[in-house]
């Protein structure tokens, strides 16, 4: 199997995690992956049901978001994915969903506060909000990059829109999409009855450093399976 | 396969989307589709489990809601579907559910405010509330038509009852039913903690116009798969 | 197949609806059915996983709740089911769950107000709360019967405990268990943001009468599939 | 099958209950079981998907948490499990999740009040909160043991982290993990609209004693299937 075929297969397969964790309805979410060693990425076609996402259905774009290979139009979010790949060379995967709880925070333009050990582990602090941006030019991609460039968080809540996540590879970006919804839900629920207890910056740093480094030494980090 | 058989098969198949997205319990929801070129529509029979919805089980009605073909009584909501087909000729599909979050807004007779890009894309503004109407005559159908006739929204929240959605075809109406529940849930949750940030009318118009037109040019809009 | 075997098969099968609609966790819910023409009923055995509920695993009790046939102990709620069958001869099925939203109302000892057409159709008014009762004697059964004897509702929320439902047959009781959770959830959510709009007694009566009678004339009512 | 192989098979199998009841996302939860008659326990490996949890994938540790058998690193929570087995000899199983509602209470460091008969039955009173503890030494294990040693509850909500549960065997600990999430959710929802009605200490004691003893006499208690 060529590298490109392997990436197609991985991207097709990873979309199943979006439905498994109820992060998407209808066709409203997408995963992409950079093709190693090429100026290309693989992304979901637009308007195709998650039941029909075979490796062959995936499309290939260049880093300006132009369709290079495939019979369907690429996802309508392709420009945002492409912008991220152009500006963040360490990123190997991007995911976008409208998952319910994360989007509920995004509609209020409110960061998710770091009040759980799992948030400290995975996001290293509060999960930030990005700007309001209309689709159709580079606004969304620029908002993602400007928010995440200097953040520990692999997730950004785009205002009134929904979460985008990044990772060293597509699997890590999918993991971040799963985790951001999970903690968005838990903190939402917790705050419904009263304010959660804050964690200190020192504790957050200790948890984040241990989580990223201990697991990193085991060479598992790129798989995103570090819990 | 005749046109009528194709419509039966499509309507049977589309009911699976209602259960997949948890829009219905027991037998409490239904999909119908106009038969192209005929004064007929296909609808779910009354009181049949979603496990047993084969194409053959579907029933055919004329536009007054009279049973034309089939061995079971048509859905108890048939009169409402028929009224819509008689008065809105561009409508090819109608869906009714009691999906939880949309019905929760309906019980308060409160429109869902357009505070998400997805709402602007799909509904073009707030999702409106229809009048309170008893079953048994044309009241429900009239309420749907009067509310949606001059609206961009393909969904109406009938007071103390639940959502009805329309579309150019049945698949588009099902998509609207899925989407109205999804945004009803997200905005509900967002408002539990504080008021979501409003979007400007200009931004809503820009999103709606782009979404409807760009995708329309790709001739995908009738499939409802435009995200 | 003997009548008794048919009832065993039906009771086994109906437990799948409890898991399908997420009304139960672990082994915490049960269905029973009166055996037509006998002073017997069939009920789930105690402490058996819903994965293992074959017809053969069901147990048979007399109307005092004594085990008549079967190798496992009957459900720990058997005394309550037996009391209902002894005192309400028109009842052919009983269901008990701790479904989440219905139990949340029960913990506040608060009736579910009739603010949805679906509640008027199925329950004919508010869904009542029963007394607080300890397990171990006839208290629970008595509380169910005293609450439901003069009510249109087939469901009672036992205080700090959970819902019990009754029906002309077991399928109708299961339907009521599904519906009480569905409307408990919808009204709960609706009230989180503001008070739902009340319906008039006249409208509730009109909906209830039509629903029970129109469908009754179609001889469908005993199946519980009247929506 | 050797005892050790049987324990491996049971631990592998029990992880399916965590996904069935939506207690875990990605790889974020684990079950362990003490090996009868040995100073060993079996636990989930770190960072392995729940789809791949075969008996062979399970790893074996001694009671200091050192890996004794297996090709993968043990769960990152192994030290906490080991501490529990060293200090509570009657414990045969330990489970850790970040289940949503239980974790929401943990983020507020608030015990779950005993306002349901199910809580009285299973937990014998309020479900307690443990201290805030960083991963990396014995802090978490010590917090679990100090909180549960003198409690009737088999579950503790570790502050800002999530629930840990214990049982006479692994199945009982899994049951407690399922039940703590179920009651955390129900009480959470109930309190959203108003304060649930309290139960008296005498009623709680009566329910707990009956539940533990009646079922205990039937020798079912170790299976955890006592509802």
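By letter and in written order, the chains are A, B, C and D; residue numbering begins at 1 in each of them.
Definition applied: a residue touches a chain if its C-beta (ideal position, glycine included) is under 8 Å from a C-beta of that chain, and two chains touch if they have at least 3 such contacts.
The structure displayed is predicted, hence computed values, not measured ones.
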If chain centres are mean C-alpha positions, then the most distant from subunit D is chain B
Counting only Cα atoms for the centres, state how far subunit B is from subunit C in Å. 31
Measuring centre to centre with CA averages, how many angstrom lie between subunit B and subunit D? 44
Can you list the subunit D residues in contact with two or more other chains? 192
Pick one for the touching-chains graph, please: line, ring, star, complete, other. ring
Subunit B partner, complex, touching residues on subunit C are 21, 115-118, 175, 178-179, 182, 185-187, 189-190, 192-197, 199, 203, 206-207, 210, 214-215, 218, 220, 223, 225-227
So, in the complex, the side of subunit C touching subunit D is made of residues 25-28, 46-49, 73, 76, 98, 100-101, 103-105, 107-110, 132, 134-136, 159-162, 188, 191-192
